[in-house]
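Labels for the chains are A, B, C and D, by order of writing; each one numbers its residues from 1.
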Amino acid sequence: MTEMNMVQAINNGLDLALKLDDSVILLGEDIGINGGVFRVTEGLQKKYGEDRVMDTPLVELGIVGMAIGMALTGLKPVPEIQFQDFIYTAMDQIINQAAKMRFRSNGDYTVPMVLRTPYGGGVKGGLYHSQSGEAYFAHTAGLTVVTPSGPYDAKGLLLSAIDYEDPVIFLEPKRLYRSIKEEVKDGEYKVPLRKASVVREGDDLTAITYGSMVPTVKNTFEKHKVNGDIIDLRTLVPMDIGTVIQSVEKTGRVVIIHEAPRTGGFGAEISASITERALESLLAPILRVTGPDSPFPYKMEDYYIPDDRRIMKAVNKLLEFR
Amino acid sequence: MPEQDKSEEKTRLIKAYTAIVLSRTLDNKIVVSQRQGRVGFYTPTIGQEALQVGASMALQDKDLIYGYYRDVPLMLHRGVPMENIINQIMGNREDSALGRQMPSHYCDKKRNFMSVQSPVATNLPLAVGSAYTQKYRKTNSIVLTTFGEGSTSAPDFHAALNLAAVYNLPVIFLCENNGWAISMPVEKQTLAEIWTKASAYGMRGVRANGNDLLETYEVTREAVKRAREGKGPTLIDAVSFRMGPHSTSDDPTKYRDVIVEEGSDKDPVIITEKLLKSKGYIDDKFIESIKTRAEKIVNDKFEECAKIPAADPSSAFTGVYKESSWMLDEEVKDLL
Amino acid sequence: MTEMNMVQAINNGLDLALKLDDSVILLGEDIGINGGVFRVTEGLQKKYGEDRVMDTPLVELGIVGMAIGMALTGLKPVPEIQFQDFIYTAMDQIINQAAKMRFRSNGDYTVPMVLRTPYGGGVKGGLYHSQSGEAYFAHTAGLTVVTPSGPYDAKGLLLSAIDYEDPVIFLEPKRLYRSIKEEVKDGEYKVPLRKASVVREGDDLTAITYGSMVPTVKNTFEKHKVNGDIIDLRTLVPMDIGTVIQSVEKTGRVVIIHEAPRTGGFGAEISASITERALESLLAPILRVTGPDSPFPYKMEDYYIPDDRRIMKAVNKLLEFR
Amino acid sequence: MPEQDKSEEKTRLIKAYTAIVLSRTLDNKIVVSQRQGRVGFYTPTIGQEALQVGASMALQDKDLIYGYYRDVPLMLHRGVPMENIINQIMGNREDSALGRQMPSHYCDKKRNFMSVQSPVATNLPLAVGSAYTQKYRKTNSIVLTTFGEGSTSAPDFHAALNLAAVYNLPVIFLCENNGWAISMPVEKQTLAEIWTKASAYGMRGVRANGNDLLETYEVTREAVKRAREGKGPTLIDAVSFRMGPHSTSDDPTKYRDVIVEEGSDKDPVIITEKLLKSKGYIDDKFIESIKTRAEKIVNDKFEECAKIPAADPSSAFTGVYKESSWMLDEEVKDLL
């Protein structure tokens, strides 16, 4: 066990994966000699060489496309997109190639790739260094969308993802990269995909969230002594619907929190899935506390990202509802 | 040429010519069948036979191919069984994709022919990645990828060529330059000749007369040799002509006059026959017999394949993940 | 008034727009001499010249990017993407440039562009000629997402979109291109954006749908004499929430129908918006009848697309629910 | 050179040199202020002054510029008031984007300087579209767009150059080749020299010594002339060196040694001074006085701008559509 922040935990996970399996290849912009703009890959090129930790030219669709081609021939590529905001030129490779390959070849070809990318706000990045685009991936059948909320999970989920035989979009909440430290096991361990975690338990309501917002919700509940379940989805798709419904049936009151814009955000899917399955348990409307339907601003990002005040407004509304 | 070499060349060229004839015969059969409603859609390969077979001649079985929707001659020459192609086009139970993919979207893992997608040029970065694997694993295999000249305008072309050059990878970019991208002639697609685009990446680029089987073979052979020796990628601009429509949904009279008639001097089948005749390898009788045999093979195979039933409907909604998702399981229960 | 199918109505609308305003420019692959692969632009290049109806090289991101640059300098471009499935290489231009330009320049620069593209299944197009990607656009603040369900609306919405001062994603249900004929006004008329239309009225339940599914739902309701409202959203974002909630408050039972995969589809947003606002009116769970979470198949497309049988299953479930 | 021309040249070059000095002074001021926490982020322009000002000298006010995040010298020479630049970097109430955009994301509609985005090269297709407008409307204006050499690997570069060539548009692609894309040296970015990439599109490509004000000016002037005369686009590869870090968040010692020191013989400020001195237009006294004045201007402007209050928080959540969306209105009520 060592105390690590999320950058260190992911770095440690990548290091381990590289050591254990020579099929694992990292590729991306500035990940080699520079160690990544967030230092997540620090030291790995030196340790494993330029052919395993590859600095690439500036072309996201090429990074992803190459990684798919590696995966199709037995390697386990872990491409990095420097900021999730820059992933969109690679969307065709992700949606039309990676996600559909197993299906269209009836399993003859598969894409065991882990596409890592930092997402979300909180680093004064403005419109183009702050986006939370998980909903774009979550709507794409064939992808598995994962986002950790702390160092321990980050390493464990990453190692599961590298072992997984389908493409994983691994979204790293950059705001949490260095803000939380946890005890992290030194060797190999796995946190399972497709399993949510209940990070706090209580009877009055259910908060469903993931990634960057989990610590905020936890702190809010602790500070205001909210007696509720907090579910950290960890894998968005396929979502752990069992854990969600079980909690909703217990509490009857639900608030969903994410940083991405509300309209068409993943919160909508969570809400719709609950209404479909557990309408009769609902004692109050399902509320969403999310980023607004506007581009992510530079200066006013603290207003953009859901905070204590907005979460408690929703919590109180839910608790008062009858 | 020593006798031994001559006899080897003869075998090689007759194999090539046979693939060309088979492919042309199959092409015509499918086009007719499409009009009869027996096939849903097809992208004819007529006109591109010599270049594809010429390129295929230069490859080893272990080499990988990332082809596109017009590569029937290449596949036949490589040894993909004809029934695999027909089954794919019919989308029946024996289709590699169980009827999930549109016709002309082939896949044959046994022959290292990767799965074909519709969005053009997006196979190119994949080919580069797979070439990286060959280099990394020191397999001594190379990767060939094919695409039309229209696809050189697509972003993936740019990405792939630059990456292949930068990492000095064993990959060959074979542009099947048939002069048209649906209704867009190559002169309006780009002002540069396709082979010259290689220089933008510090890569070797060469042109080949794609109607000349031997020229395309030689050019590809040289590229393969270089790739295998670690001398990096090549862009080959194999110039031919799209003799048919873009697809069975296309009406080329809207935008062009026919320029190459089947059976004319410019038809690569005729050009190849002339070549083999001039070398004394075949004569008219041989040609006739091979064409008759091709007709029979194609018709028989076609009818055999036509009898194969469709895949079970449920197969259209499985195999998305290794471990299925509960959402899909739930949905499929509702829709079947 | 002339009887037209949707292809003719859109062609007529484009013709009129080109005639009335020389700022209008059409660009796309095979739209000129070939008249478009669906013949939507037939005859227009001949009439207005190659500089107004432009055949482009094969590069979707270039088509969209160029159109944005035209729009920024006073033109009104109407780019076409040949199939919506091929739009993903242009996602960065759409999400990061078109959608954010007004915001980031504080209104100094705007993008009055109408991006037309055929979408949806029903033409035996398999994985790559059948996709319904509206949810990707609907989640992108700054875009306005419009889809007509018949010839009359198609022309009227198109003319509104061309007049609109922000980027519009105009999704044309290719399955309806030639299957429905309607009387269409010959001259200029507009169908407003951001306004849903109630295409059938009834008391028992509310069906919410749009684009390609509207005729299917209408036929189903007629055939089975379902006494319900059918709401054709027409504009997905911003959605006409008033019309939706009014109907839900009347009926208390809701079914949402779309062709796109369920998870993260736009139906989720509709459902979540209703639960947020009208939970107390709900007499039954909100059901979604959608495409499954799998790539669109070639052979079995009739199973993929919601049909009479599946819609009635949901309707009956709703009506029986108590 | 006739006296008249010489006097004009002197005026022009002194204007250029003044912009270079102002820009360098401002650059240093912002970098220091960033360390002091007075500015959030910045992408220094140090090393790229001569090439930007040289290019700007060849333009008319009516010409459009699609720049990128490193174009302060170009903007200053063009006449963008320094306070606009500082206000943008501070993101205050007077910022063109009201604090919505990150620092270095400029916009000045009055000077035809379009809004800067972060994703690299995605301004290039826009520049092409706007060049199309100029041609279509016969405005006789041209469009200049700038980007780094790393950005030539991006897909938008490929799309834009091909389209510009095919439609023969009045657009100039000015590659500010500073040798680095963050930690990636140009030699690993691509194996070809940047200017040669033009040939892949049948376009004219030229190289300029970007540290030589006059050479960049002449090369750009020729390109502008051709564009205005309807002779089509040009790719200019203006070679200079990134003297600073990629941004204030970057630590270049991780990946490179400093090669060009400020004030050394290779510094474009020094090179420009030598040029003007050799022509007899300036002397050491002039240089000193202009630098002193620049210091004062920059410091005064900076302090003035620092006093301007932030924009109202609500301004970060408006202006998404011409007619606002009810969703956003509702959301904003909740979050403010």
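Here is the rule we use: a residue touches a chain if its C-beta (ideal position, glycine included) is under 8 Å from a C-beta of that chain, and two chains touch if they have at least 3 such contacts.
What you see is a predicted model; the values in this text were computed from it and never measured.
Among the other chains, the CA centroid farthest from that of subunit C is the one of D. Rounded to whole angstrom units, the spacing between the C-alpha centres of subunit A and subunit D is 36.
For the pair subunit A and subunit C, the distance between mean C-alpha positions equals 30 Å.
Centre-to-centre spacing of subunit B and subunit D amounts to 46 Å, using the average Cα coordinate of each chain. Contact of a single residue of subunit C with at least two other chains is seen at positions 57, 59, 61-62, 85-86, 88-89, 92, 96, 100, 103-104, 127-128, 141-142, 237, 263, 292-295. Of all residues in subunit D, those touching 2 or more other chains are 100-101, 105, 117-119, 153, 155-156, 158-159, 162, 166, 188-190, 320, 325, 327-328, listed in ascending order. If you draw each protein chain as a dot and join the dots that touch, every dot ends up joined to every other dot. Residues 61, 85-86, 88-89, 91-92, 94-96, 99-100, 103-104, 127-128, 135-136, 138-139, 141-142, 237, 260-261, 263-269, 271-273, 275-277, 279, 282, 284-288, 292-295 of subunit A touch subunit C in their complex.
Against subunit C, in their complex, subunit D makes its touches with residues 64, 96-98, 100-101, 105, 107, 109, 114-115, 117-119, 122, 124-134, 136-137, 155-156, 158-160, 162-163, 166-167, 319-322, 325-328.
For subunit B in complex with subunit D, the residues that touch the partner chain are 153, 155-159, 162, 165-166, 188-192, 196-197, 199-203. Residue ranges of subunit C in contact with subunit B, taken from their complex: 29-30, 32-35, 37, 55, 57-59, 61-62, 85-86, 88-89, 124-129, 262-263, 290, 292-295, 297-300, 303-304, 310, 313. Only residues 40-41, 91, 99-103, 105, 117-120, 150-151, 153-156, 181-184, 188-190, 249-250, 254-255, 310-311, 313, 316-318, 320, 325, 327-328, 331-332, 334-336 of subunit D touch subunit A when the two sit together in their complex.
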